[in-house]
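The structures come next, written out as structure tokens.
Here chain A shows up in two complexes: once beside chain B, once beside chain C.
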Partner chain A sequence: MTRRPTPLLLAAAVLLSAIYLFPLYWMYVTSLKSGSEVFAYPPTFLPESLDFHIFAEVWQTRDMASFLWNSLVIASGSMAMVAVLGTGCSYVLARYRNIWVDIALFLVLMLQVLPASLMITPIFVGFSALGLLEYPRFAVMIAFTAKAMPFFVILVRATFMSIPGELEEAALVDGNSRIGAFGLIVLPLARNGILVSAILIFMQAFGEFVYSKSMIQDVTLQPASVGLNGFMGPNTVEWNKIMAYATIYVTPILAAFVLLQQRIVSGLTSGALK
Partner chain B sequence: MTQQPQIELVSVNKHYGGFHALKDISVTIAKGSFVALVGPSGCGKSTLLRSLAGLESITTGEIRITGETVNETPPRHRDVAMVFQSYALYPHMTVRENMSYSLRLKRVPKTKIDAAVAEAAKILGLEDYLDRKPNALSGGQRQRVAMGRAIIRNPKVFLFDEPLSNLDASLRVHMRKEIRALHERVGATSVYVTHDQIEAMTMADHVVVLKGGSVEQQGTPLSLYDMPATKFVAGFIGSPAMNFVSGEITGDGGSVLLDLPGRPILPLARQATPGRKVEAGLRPEHLSLAPPGVPAIETRASSVESTGSVTYLYCGGDPEIIVLSQEREPLSSGEPVRLTIAPENIHLFDPQTGLSIGQAAG
Partner chain C sequence: MMKRLYSAVVDGKGFDILLVGLPLLFLITFSGLPLLYNVLMSFQEVDIFSLGSLIRPFVGLDNYRALLAQPEFWPIMWNTVIFVVCSIFGQFTLGFALALFFDAGFRGASFLRGLFLVSWVMPGLVVGAIWNWILSGDFGVLNYILRATGLISENIFWRSDTDFSLWAVIIANIWLGTAFNMILLSVGLAGIPKDLYEASELDGANVWQRFLTITIPMMRSTIGAVISLGLIFTLQQFDLFAAITSGGPANSSNVAQYWAWELSFRQYDFAKGATISTIMIITVMIAALLYVRSTRHEVRG
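Right after this comes the complex of A and B.
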């Protein structure tokens, strides 16, 4: 039996991905259309004339440098917090097996179920009482870290579990302390899994909207997702500019994903050891 | 002053929750000796070794290494080296880095490390592989790297946890010899865990047989073979395993009547309590075909296997008796055979306690 896909399956796959990727395509195409072409009926699938000035214009008028900087700050901060806190947590959950670990894992999965829009109200009230809203970007990082943690913990725990305990024991006998064995033996072996999971967290955080929208009132501190939302009023007609904004926002992260996707997929599916 | 023992285990007990894993184990290991801990899986031999290494803590008792109590000492301060069953080579390091890891942790000067690696590599024949990663090595080579990682440290004690069980049979025999040669060359004290009694018998100076968490018997390999203290040890040491036949001491106390068809009576080399129920142990290699007129077990060969050098006879059915003969026996299956054994080679055990009754002489 060959594993080659049949033409029928191949066609189905192409069709499904075309449907799935169509909005992305529409975003790029619309951003390059003129104001009247956007509303033309029937719609054009290729813009009549290519005008790249719109990107510079949107960048300038919408002050995108500030928005993207804030997105970058929030995403980097969240990723760092998740990676530092989550790595230790995953290690413990991977190495110990008792009733408390089972309870902790159950709670971790529970957290994954709760949607951000439900959590935001109690978080807002709590953060307000603590005075955390004085530092809104930091508040968003904390809230997002809590939300993204389960995903990271579950991925990284699997990585740690693929590293045999005997390696650590060998390191202990060879002269490492418990922490030394973790730092010099386990961590280097888990590096790929941790890096890949951290990148996925970064990408999620880069597009985070609900917490930022609710907690950051000051426009100069808002990330690009909130800035995009502010662009769209009830009487919006500048769809080409909005799509240009979205293009500027999404393309870097998309490019990074395409460049890294091979490593991301292999980092998630292969164990640390061969 | 008499020489201080290298390792002393004094009444060591280990509980895992409600499970009593090590039961009052006391073993003394002389400096420079090669000790094998042997027993079936789950007997506690690996737990005992890991307790020695400091990877497990013991519940009560005392572990001393060169006279110093190490119960609370973490592994890195015990000066022991361990070879793991899976070898546990660090996959992200080359062979050279693996072997020198412990020295690098101790911040030994680089020139000394290089010299030590070179010497260990020479002993183990690994010179050409120093810059490879472990996944580019064969099983036997990985095994050698694991040993190199241990000998480079020149520790007080070497611990081996079933190091040969992942190798194929011919390599295992070869490495057995190599480990023993290495032990003699390095001269350090070695503790070797195995479930394979042949490994224990061929490699060790002193064998500790464990069963269910306690020491069943310990001594030199040949003393365990010649004078097993219990039925378990008798059946565990020796291959093929000893045959056990239940029976009864005859009225005059000088013979044993076996519970076999034909009620054979075999003379004993010593007196036993008349009428006592016993379990007679007959080693396959001690049984032989009886000349006419000698008291013998009358049975039938159910199967005959010849390997060229020796012949295995499987006789009777319940219980089956295995005979190992150095001769090429001109027998075929189904033929009647008469088996005999020298009186001094008959082992007797108590059917209830399994303890040896008296000692089989010689």
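Right after this comes the complex of A and C.
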């Protein structure tokens, strides 16, 4: 390829990124506007004054501590369940090549594609018959784990496949048991891939909506996504407050993403396609 | 006996079977069984009283007949097709264009490309809330930009005009999915040997010819996988509907996957919800088969 003038391309790339990320910018700017500035025409692209106390106000009036705590509980629980169940599964599916592995892989791929909004009907009816809805956050964790585990397995399996089998064989020859070789040799080598995939699952679970909306009736147990949904009535005018809510909700995820960006991107691309 | 079992688990086939068996059992219990239960419910009469019981009266194909007879059935199915086709088309073309642009390989390209993925890691409800506000009729910034640039002269009421409500969700969904398409297509582009382009350039092929004779054929399996993944993700999209239009006004932006939820959890008609879910799940499964086919060379090694 012929070399092209880098600064020009870089400028174009920054411009494209700015256009793409404008919705995010608009969320932050709107959250800093006063109630009347929100409806100014023409809209202001920079806030007239920086007033951060709206965040404290929204935090208080919308009871965000409770919502975010529930999101955190659901996301941590789901991530732990997915990681514990999914890691061993991905390891075995990466280690062998036979008809059973193909069948299991096919099953996993098939179950990955079921839309949550379609699965919630039988899950809700089934869980209510089993009495699981008495513990609604746990019910959401189980449903979400079943939904998210296939994605995790596909990503982590790619990680395990990139680890040379000779390393494990050498450990077995040295007298390790299968568990020993797995725990001492293979798992540490796959740690980064597992960690990145688990973080992706956490992020998805942190934003989970369908299952929580359908299965958690008690407001004190609902996550932030359901809280945001309840905040947005059809004729709402409090857009600066809604955007402040969204800002508080999404900023930690964005910060984690920017910090881990390169790893997340490479983890994602190694698994989903090859 | 116990000892043999123990040593099999620690050091033999039992270890593998345990590692893969538990998760599969979990998946079959909480994903596979609900799937079958869903099909079963679509042939049953389900009301709020029989919700807790597993045995209910069978009604044959009555649910399917009743659903098909509802006047909104075909419009909603048609909306689903429009939503899926237009979302995938938009995400794919924009994603491909961006992937080609970032493939030029300049300093900072991979960092900026990675930033695009924020749209993908954000909670769907937040993305929906932001777009709901951007697309607001009187005070939305999109209408302002379109008017300022002279593209429209009257405000478009994206969310409340029946001609535009579906497009409001499609726009948001294209924004949401473009980054993911771009990243996956970038991987495919990076896999094309650069000397192919050089050889072709020496032969006098122009940019457009090189794109058609090298890029597209070399990317065939990536494109297949990206489009089928797009189909799968688009049919899973629910949050944007909940956050932007709620399927309204008058079902003008309703799609099958949102309607199924509405039937079950707004109208408490779980049998109809299960019926539409069954129809859609079969559709999604067909899409998944296409995806598995396009990645098969990887699965089989």
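Assume the second predicted complex is superposed on the first by the 244 of 274 C-alpha atoms of A that agree within 3 Å, B and C clash if a C-alpha of one lies under 4 Å from a C-alpha of the other, contacts with A are read in each partner's own complex, and residues count from 1 in each chain.
The rule is simple: a contact is a pair of C-beta atoms (placed from the backbone, for glycine too) under 8 Å apart; a residue touches a chain by one contact, two chains touch by 3 or more.
Computed from a predicted model, the values in this text were never measured in an experiment.
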Query = Will chain C clash with chain B on chain A after the two structures are superposed, or do they fit?
reply = fit
Message = After the superposition on A, what does A:264 contact: first (chain B), second (chain C), both or neither?
response = second
Inquiry  = Going by the contact rule set out at the top, does A:188 touch chain B (first), chain C (second), both, or neither?
reply    = first
Inquiry  = For A:30 in the superposed arrangement: first (chain B), second (chain C), both or neither?
reply    = second
Inquiry  = After the superposition on A, what does A:255 contact: first (chain B), second (chain C), both or neither?
reply    = neither
Task = Going by the touch definition up top, name the partner, chain B or chain C, that contacts more of chain A.
result = C
Request  = Determine, under the contact definition given at the top, whether A:174 touches first (chain B), second (chain C), both, or neither.
outcome  = first
Task = Could you tell me the angle at the CA centre of chain A between the CA centres of chain B and chain C, given to the nearest 10 degrees?
result = 90
Task = Using the touch definition from the top, say if A:166 reaches chain B (first), chain C (second), both or neither.
result = first
Query = Touch check for A:122: first (chain B), second (chain C), both, or neither?
reply = second
Nearest-approach distance, in Å, of chain C Cα atoms to those of chain B in the combined model = 8
Ask   = Can you pull the chain A residues that chain B and chain C both touch?
value = 177, 272-274
Interface residues, chain A side, partner chain C - complex = 1, 4, 6, 9-10, 12-14, 16-17, 20-21, 23-24, 26-27, 30, 38-39, 41-43, 85-86, 88-89, 91-93, 95-97, 102, 104-126, 128-129, 142-143, 145-147, 149-150, 153, 177-179, 182, 200, 203, 206-210, 213-214, 224-225, 228-229, 232, 234, 239, 242-243, 246, 249-250, 253-254, 257-258, 261-262, 264-265, 268-269, 272-274
Inquiry  = If we count contacts the way the header does, which residues on chain A are in touch with chain B in the complex?
reply    = 164, 166-167, 169-177, 180, 185, 188-189, 272-274
Of chain B, residues touching chain A in the complex = 50, 53-55, 74-76, 80-82, 84-86, 88-92, 101-102, 105-106, 135, 149, 153, 159
Key: Complex contacts: residues of chain C adjacent to chain A   = 10-12, 15-16, 18-20, 22-24, 26-27, 30-35, 37-38, 41, 46, 51-54, 98, 101-102, 104-119, 121-127, 129-134, 136, 138-139, 141, 144, 148, 175, 178-179, 183-184, 186-188, 194, 197-198, 222, 225-226, 229, 232, 235-236, 238-239, 242-243, 246, 257-258, 260-261, 264-265, 270, 273-274, 276-277, 280-281, 284-285, 287-288, 291-292, 295, 298-301
